[in-house]
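What follows is a group of structures, each given as structure tokens.
Look for chain A in each of the two complexes below; its partner is chain B in the first and chain C in the second.
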Partner chain A sequence: MIPFNFDYFKPETLEEALKIYSSEWKLGKKVIYLSGGTEVITFARGGKMTFDSVIDLKGIPECTMLEMQGDDLVIGAAVTLNRLVESNHFPLLSKTVRTIADHTSRNKITIGGNLMSKLGYREGILPFLITDAIAVVYGPAGTEAMPVDNLAAAELAEGQFLTQVKVAASNLDLPFVSMKRTRSSKVGYPIVSLAALRKEGRIRIAFSGIHEHPFRSAVVEGILNDETIEDQQRIDKAIAKLPTNVTDDFIASKDFRKFVLNKLLTEMNAVWEGSR
Partner chain B sequence: MHYGSRTTVGFAEQRIDAVEKSTGNVKYLGDKSFQGMLHAKVATSTEAHARIKSIDTSEAWKVQGVRAIVTGKTFPFPIGPILADRPPIAFDKVRYYGEPIAVIVADHPYQAKQAAGKIVAEYEPLPIVNSVEQAFQKDAPLIHEQSGQYTKLIDNVYPVPGTNIASHVKIRKGEFGKAWAVCKDTISATYSFNLSDHAAMETRTATVEINSDGRVIVHSTSQSPFTIKKIFNQFFNLDVGKVIVHIPMLGGAFGGKGAVQLEPLAYLASNAVGGKLVKLQFEREEDMMTAPCHIGFNATVKLGVNEEGKLIAGQYTFLIEAGAYSDQAAGITRAAALDCTGPYHIPNVWCDSYCMYTNHPYATSFRGYGHPELTFAIERTIDQFADKLQMDPIEFRLLNVIKPGQTTPTQSILTPNNIGDAAKCMTRAKELIGWDGKQPIVSENGLVRAKGVALFWKTSTTSTNAQAGAILKFEADGTVTLTSAAVELGQGTKTILAQIAAERLKMNVSDIHVTMEVNTQYTPHQWRTVASSTTFLAGNAVLAAADDAIRQLKRIGAVALQCSEEDLDVGNGRVYIKAKPDIGINIETVALGYKYPNGHTVGGQVIGIGVHVQRHLTPMDKETGFGDPGPWWSVGAQAVEIEWDESNYHYKIVKAVTVLDGGTIINPMTAAQQMRGGIFLGLSIARGESFEFNEQGVIQNPDLRTYQLMRFGEQPDEYIVEFVETPAEDGPFGARGIGEYGVIGAAAALANGLSLATNVELTQLPLTPELIWRTRRAAYDPV
Partner chain C sequence: MIVSNTGKYTVVSLLVNGSSQDIMIRSADTLLCTLRNQLGLTGAKQACGNGDCGACTVLVDGKPMHSCLLLTMEALNSGITTIEGLRHSPVRQAFVDNWAIQCGYCTPGFIVNGHALVTEHPDAEDERIEEWLQSNLCRCTGYQEIKDAIKSALNANNLLDSNGIDTAEQ
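Right, the complex of A and B next:
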């Protein structure tokens, strides 16, 4: 149970959401946005988060839409993971998000909540990082479109919230792999999770679990695409170029994470080989 | 229905709680709300080991709705079931992170929780004892300075003052030293694992109300209603008769609800608000961090054989991690000692079983009471030893398996009645798993298939006067209401008791109405619903009650039928003349007494009463362990087949086999389900469950996001359960206990299979891919 009182708002338009944010904020209140609520509730219950006002984004049509618009797939931030899996507009995304939590939780967890999660995993962002997806945010400065990369490590500005993610139709059906390893049960935070695809002969790849944030690295990609060196060498070299502070905790040691990554990259190569 | 042969015992009757549960209609204690009820919440320690300098409650008092704040000063005395070493609310010192330091009572739960967050404690940190190995070292910081002065509530607990040893239990059988010296070959190995959680679906809850006339009404999710009464009497000086305990159906327990923790807290809370009804319900994280958990374990096993490969000497050193307080870990220390050898005949045994304090949450009983743990150590050693001796591990087991005529570590003499047939279980498990010698099968794609087995036993270590009672009350329509204090916690006990009653009364099970709730005001005394003891104790009590009822039915029937009692039999809803079964009378016409046509009535309601108490149990001798601590040994064998992926170290459990000899099986369906549930729990613990502590002694995974239980879909594809039924002469219809057994060999069988597949000896739990990777790296490419 949440041990403090707060006001709950469920606006129906983007403007209204922002208006509520501003007016509450001006009163000196701590305001947060919410979509699936699974993290907000558990964090508030466990004393890891407090707030005075909550703005639920699930009533805003822009945030709940899921459709093709022209050349883009538009995914509302409040679309649940199960809806993404079932609609399967973007197979790589479906495959990636269905490894997050369990089915019952995925009825609630939303893609926006996952992308904006305070936990470091945010596996839902991986398919977007490698498809040059666009994050649409709304805030005091109006609607703003930015590369999804901007969300990977940085926070949004005061009052801003994610409304949609857009992926170009041409990137939806590329050959891909999505792989994840956990400590023991399938339901669990990743030791390593990766999503990769091939576009115009080049591998694009992004990772979660090995670092404090999910990431896509141009350097790592460069090495993995370097056909002048042989497979295993390429992998070893890529791993040597990882961010230096590889996560080291009770879920997995730093060394084991690197080992697992090595194996996953080998498996990935085998998949690409097989599909050739 | 026919007379003579059995009609319900041995049949797969539907569980009597099946409909209520599967429709979601069961009301658990946490679901219940009462008018005017207040809510309690605990404020907990943020240090694992520290002296409490002060506790400031002033900010907490400012929260609206707060009615009382109770700190350790209110009741600065230690309590406990075996050794009274735990103050219900810490005073002077805290000994684990998450320990209650205050209880707040408020109008609403959120207010109590908010106030709990505003309790400010000032601590003087003390050095932390962060592992059982550290606790055992000579210069380790002391967690209980006064352990020599604690009150002992039962026999066989021996604290060693000036150390972190809460109890030291010894077994000295034969002459270990001499035997060891002449062994043809020996082996020694050490095993360990951390504390873990019970993770019952229902978290713990208790409510307490103190009536103006002094009656204390407790509702609790407890396996031990009468222990609550006893503890309230011993420590709060309340009349036993004035403490009334209600237990509804529980949502799982696994031993974790045998401990008495919430009830004293709720009592102190209620007392602080003039006796008003107070509810204390733990959230998941509290259930994991504050409530008692499953023991941690460290064991060193040494075994020696003679020329023929027969075990002649065994030495066992167990460090049972109790955590901050001894609770049931003190009893587990004893239980592990008295069955230390596993089901093997070993003439010379030396065992030192230590109950160790650490600065971790305290442990209590967990399904198997020390046996899943010791079996892990024993059965891993047996496999390693067989390997060393170049024997097939199953043959090695069969060569040494214990049999009637031989004696246990405490020198109890085994008879065909008091022990099942372990060899038969092993042989059948071998067939069912398709044992093909000890060799893994490697497929082209790098998947390694291997099988592991484990043989196990366990006796039911109850108190020597453990007992149960039952009442069979006949209704006006001739049906029967069965009341006993056996707690239904998902194991199906109420169904089993109904079957036992129906069989003896020769009635339909559907005509036996079982009261689900336990109310100590009218249910007869029962020791506790633990230790796989209920079918045996309460089952025998039901039989005695049925016999009592039959006597009464015959007495009234003899009047009605104008014959002597000896002429009569009872069955099929009738009292009838044995020689002429068609002459008889329906039970409903005698259930409330027999009424003559003129209105005169003889007899009265038929109420059968029965009690059963353990026979001839004794405590153990302090120096040698000599004694008869348990009534019988159920035995079993388990086998697991795994598929390990050499490339990424992950594995899958393909098949799990359990063969158990628990005497007559009353209900094959519920029994098989109980075994499946057991092996699932055992495999889950072995695979991923374990509390992970940081340097400060804080649990890193105190929630179900990070504490890795085996999830649905990860269970073995194939689950085989079979029973060998060697009847126990003194069990109800020949039954022994089976409740805990499915869990016992699971970790050992899995670890044996994995050790074989990975070609390294795995000696720790949980068996994560990383553990295998590290073990192999240490073995094959030392840096």
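Right, the complex of A and C next:
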């Protein structure tokens, strides 16, 4: 049971959502946007989050669309993870999100909710980071497009919300690997999760579980693409260049995460070798 | 636009097991709370309250959902099916036939999820069955019998309609 009350709104347009946000905010209320809502409900129930007003984005067509528009795949922020898996427009994304939570939860969890999660894993962003996807946000300044990387690093401005992610059609069917290791069961937070693809002969790779936020590193990618050194040396060198503050918590120690990453990168190389 | 506010209870209409019911809820009420406390449908069980165990699983427009992670407000305009609406599901009978029950607390969630699986994927293979069943926990660990029950129901052809509504009850 959620131990406090709040107002609930379900607008049907972007403009209406923003208007509600502004009017509630002006009354001094704490307003949140809700997409899937699994995290919001869990946090609210556990006393980790409170709010006065909820704006549910699932009634807005821009947020629920999933279709090709010209040269882009347009994914609404309120599209559920299972819908992404079932439609399979973007196989790397399908495979990656299929490892998030459990099947029943994925009927509720949305890609927008995953990308904007307060938890650090946000594995749904990995395929977007390596395809230079564009995040579309709506707010007081209207519609804005930004590199999806910005969602990984920064908070949105007051009143802004994620409406869509766009991926170029040319990036949808590239050869890829998506790997995840958890502590014990198949359902769980990652010790390490990675998504990689090959484009124009080069590996692009992004990680979750290693650091406080999911990331793609030009330095790490540069090393993994350096064919002048042996595979294992390349992996060791890449791991040495990870961002500082590798996550060290109850799920896995810093050293164990690096060990698991080493194994996954070795497996990834074997997959690429096998496909040559 | 749907609105409900904090100042008072809101009267809403909910479509549960094929019948429309007017109820008074708080915006903050989860569907699990509403089903159990307002409608007396206690088949969906309160357990983890966190979406981890699947004991509270219901169908929303035919899709299995953790009702503890769904606001009642989010379920308006959808068809909700609880275990009470699946009295004649072949999955339920398969659980009886295969002794797929120990303490029984997790059973409604498993049957509801299993019913959705059998309806949506009548040709489901082991991998898909395991993927779906990972959403539910049985602390008595009777997983093999549960899996056997689901498999035995997969070929049954007397399923309910595509919304999971118990047509025999209508």
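Simple rule for what comes next: the second predicted complex is superposed on the first by the 276 of 276 C-alpha atoms of A that agree within 3 Å, B and C clash if a C-alpha of one lies under 4 Å from a C-alpha of the other, contacts with A are read in each partner's own complex, and residues count from 1 in each chain.
Quick note on the criterion: a contact is a pair of C-beta atoms (placed from the backbone, for glycine too) under 8 Å apart; a residue touches a chain by one contact, two chains touch by 3 or more.
Not measured: the values here are computed from a predicted model.
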item: First (chain B), second (chain C), both or neither touched by A:Gly37; value: second
item: Chain B versus chain C as contact partner of A:Met1, first or second or both or neither; value: both
item: First, second, both or neither for A:Asp102, with chain B first and chain C second; value: both
item: First, second, both or neither for A:Arg45, with chain B first and chain C second; value: both
item: Chain B versus chain C as contact partner of A:Glu158, first or second or both or neither; value: neither
item: Partner chain in contact with A:Lys186 - chain B first, chain C second, else both or neither; value: both
item: Partner chain(s) touched by A:Pro11 [first = chain B, second = chain C, both, neither]; value: second
item: Contacts of A:Asp226 with chain B and chain C, given as first, second, both or neither; value: neither
item: First, second, both or neither for A:Asp248, with chain B first and chain C second; value: neither
item: Chain A residues contacted in one complex by chain B, in the other by chain C; value: 1-2, 4-5, 42, 45, 102, 185-187
item: Chain C partner contacts - residues on chain A that touch it in the complex; value: 1-2, 4-12, 16, 37-38, 41-42, 44-45, 52, 54, 56, 58-59, 82, 98, 101-105, 107-108, 185-187
item: For the chain A and chain B complex, residues of the former touching the latter; value: 1-5, 42, 45-47, 102, 181-189, 249-253, 256, 259-260, 263-264, 266-267
item: Sites on chain B touched by chain A in the complex; value: 109-111, 113-114, 116-117, 283, 285, 647-648, 650, 687-688, 692, 694, 700-701, 703, 705-706, 708-711, 713-714, 766, 768-770, 773-774
item: Touch list for chain C against partner chain A, complex; value: 1-6, 26-30, 33, 49-51, 54, 57, 60, 63-66, 68-71, 73-74, 113, 131-132, 134-136
